[in-house]
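Consider the two complexes below, in which subunit A is the common component and subunit B and subunit C are the respective partners.
Up next, the complex of A and B:
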């Protein structure tokens, strides 16, 4: 039988201000660490070149495919729909998999996960902090992609007609939602010692097809569409397109029945749902990983 | 339960369930720890001595909240490792030897500073401690070196500093000198001793499979083998157990078919271990009294075994280990690896 919990003479560490302080400390230092890792793997010149070429190359693949399939119909409203969806989808890979990648990176590459785990930090806040650097590099990639689209491919972007408030609110809400989805993935990564490298990429790849990033959900088979409607990314991308393109985006049938306010409400609701899911998943996976001895188990993949 | 105890375990056990990767239904249970009962007061340097695979690291993982036990309970700094890990973590730190962990892109100072920040140490104080500890462990000249450019031994020294940097109430050192050369291992042992002398209220739990390390450093030692604690006492008290007996090392040319079992059959021979030695073999004997020795020599003579050298010696922890386990530690490790 366990003895009763005794009252320590030292200060307790679970009162609310201390927990928030620990969470902020974890987030702040993890952000610093994430940026050091992201920016220092090569010299600054190569880093700048890589940061520009990578998003441009992936956008170029899509543009070439589109051009071949449509015989160069770049004036069709579907083109900015696809181009913007693809550009902002960069955030999915950057933020969502950026957060979850911290588990794999610390456990397999740096072998530090157990030391971080036994430190008095809030692990979810630490993971979120590790995702910040990916968010920053992702933002740069999005900007580069958008600039290339406007300058060379005539994506109809007119700053005076952009609904900036809607754009900023949607972007913020979307990034928070993606970070919370990343927390769910990170928690699951704690539990899976084998093949977890594939999780982030597999989920991001599946969502690319299911969330209307490069084609309206009507293109999907009817039995797959509900999955697309259940994904907050679908509503987020719609809001981003509407804020930047206005009427052109509203012309697509998928979510035309919803007002901007309704879409924001759905996105906020689904984000809260993912937040709750992240909390529950972390508690469960944290307990199970400790029970199964998975915290510091490496696979040497 | 006393609050003066830094660590307390009660019937602590851990069983790993391993699934067959081809046939998932087939499961195998591996007992890593069994009925471990320890009481470690504050201010003690406590050693866990045992071969690889004895359960030392499993015990440390449980006590540092990385792993849940399957039976029994454990308390660290007065808190339950399963129910209150968040209360334990600010009070502990750990270092594992024999691994090259750390962020290779960061310098030594940055690596250490970052971990100090996780523990809420003010930046100026962290930098002061980093410089002081690096100087004491002989790594001050590498403070601005990227940790990826350090040798394994130097990186291990950096990790040892990381463990001490936060001035933990209870420090867990899992084989801290594993893989270090003789000089570096000596530096680390000296560093640990000096730190404890300067912080007498701190507790260190150290695992090792080096007898000398346990003997030299630890206030008390638990000998652990196959998940069970076989004995727990100060090194002197453990060795005193054998002082009523006579210990001899006999270097011989070749055993000529002589076995340890044959010698143990002689009256008064408590333990006989035959190991290969330079150009021959060494016979380590635990005898009930000096007077048993002539009988042993007689058996050697009958088998035409030539004695090259004979020493009577004081008991060591190695002898205690052999007495308890029945085999030398090196042999025990060889068996674990099979």
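Up next, the complex of A and C:
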């Protein structure tokens, strides 16, 4: 009897430890590969400059905008609200699009997706691994941006007052959630050719606007606010701000009615939801892509 | 067979000289203009994505209580990002893409001028992008109720045309450089987005960066072009402007000439280097 079309014929699917071992191996090797692709196009010095310039320039645009209007009143609580939101939003672009871009890179640029598909690896684990390199460069960018804010712009950061446990739990949950969102986008990218540039950018752009990354949700028109409350990144950024800034962050009215525990619960629930969505979307898109012969399609777009 | 009948294998009339140059320009511009008709959803997405970015910056200004004119500055800057992205990804990087897809060797083998190819790319890009920029400007202005006060329309049109001429001259010049850089081209184009948005004052008056930073940033034609357009579009624009508009027009005209000359020289240089080192057909993925 032929195996179901969505199952790899090269990997045993019944033995759980074997499946985990294959997934771990796929993840590990993809992480190494992703790092090589991200970093080996130039020397380490230029790569470091490249990794710093973009996020610092993005932050500087907001800093100049803020400075022009407020005559440089960086002590106002709205400034660290904007600055931290923008800094941690770097993870959204890095992790989410980092995972989903692997499909495009392998299919259209390197034209290796078909070889990866016939290799004895777990595809979702491979995609997640490809996102790790972007997570690492994103972390570097976040650190540099935060350091610039603390050193030069009076962003109030006192290590002794930071809720480190809340910060680490929130950061981990958030990164996992973003990776799962990336997996959903990666699966959809298997099915599309003409809009692959746009799908990641559209989602990241919409989230930037709707999640209150750089302004409180109250500034949005009332009809757009519910969308902001439906976005998991809204809760994630609030938790990050609360853990790093304490009272300054919880002073904004948007989510002041929620305790930290409630926000964590919402974030965890949404992460589980995205995990399920990722599994379902991958099974569906993978099967359709195989049926329609889309795995080895190159479009030159 | 009558004597007037055309033989089956009669030679096609050949163009040469300036006719060939013009035909090449039109031929290379054609796919740029027609291409977007084939994929209309791209126009929607390009406008939609730009509006998302513009909206985010507008809401930042509103969150910190900025005067409403700054909203207009953001909308105009957001519309002009379409041209910058087009120059980066479809001019500067284009010869590199052409090499990757195998067209570059054909361009060089064919009996046409490479300057005509670049000019065609620029003209087609301007026409195609003007539609997107116009849509961003219109939609952004309507959504955020931007008020314009145009006192000197001919000057505004002249500044706009000069800005685009200089900007696409820069794109033609950098196309050769990007080709020489090879695989780094993608990263360099990627790098030239946010830093240029910052230095050229896409979302705030460039004057706020300080005199010397603004002078340095003026090498990007959009810096002075945007500044001049804002001065001509908004009542307080002149007060927030970096240099008087006539000075900015003269500098833009000089940049335009400089970039076109540099594009021609670099193109020749690139061809010599690439032919000598055998890099026209290489593909380093």
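By definition in this document, the second predicted complex is superposed on the first by the 286 of 301 C-alpha atoms of A that agree within 3 Å, B and C clash if a C-alpha of one lies under 4 Å from a C-alpha of the other, contacts with A are read in each partner's own complex, and residues count from 1 in each chain.
Keep this in mind: a contact is a pair of C-beta atoms (placed from the backbone, for glycine too) under 8 Å apart; a residue touches a chain by one contact, two chains touch by 3 or more.
Please read all numbers here as calculations on a predicted model, not as lab measurements.
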Touching partner for A:53 - first (subunit B), second (subunit C), both, neither: second
Touched partner set for A:75, first subunit B, second subunit C, both or neither: neither
First (subunit B), second (subunit C), both or neither touched by A:119: first
First, second, both or neither for A:41, with subunit B first and subunit C second: both
Partner chain(s) touched by A:209 [first = subunit B, second = subunit C, both, neither]: second
Which of subunit B and subunit C A:110 touches, first, second, both or neither: both
Which superposed partner A:33 touches (first subunit B, second subunit C, both, neither): first
Shared subunit A contacts, counted only where both subunit B and subunit C touch the same residue: 41, 110
Interface residues, subunit C side, partner subunit A - complex: 39, 41-42, 45, 48-49, 52-53, 55-57, 59-66, 70, 101, 183-184, 187, 190-191, 193-195, 197-198, 202-205, 208-209, 285
Residues on subunit B engaged by subunit A in the complex (per definition of touch): 1, 3, 16, 61, 64-68, 73, 75, 77-80, 83-84, 86-87, 89-94, 96, 99-106, 110, 114-115, 117-120, 162
Residues of subunit A touching subunit B in the complex: 2-3, 5-6, 8-10, 12-14, 21-22, 25-26, 28-29, 32-33, 36-37, 40-41, 110-112, 114-121, 287, 290-291, 293, 295-296
Of all residues in subunit A, those that touch subunit C in their complex: 41-42, 50, 53-55, 57-58, 60-62, 64-70, 78, 82, 109-110, 194-195, 198, 201-202, 205-206, 208-209, 213-216, 219-220, 300
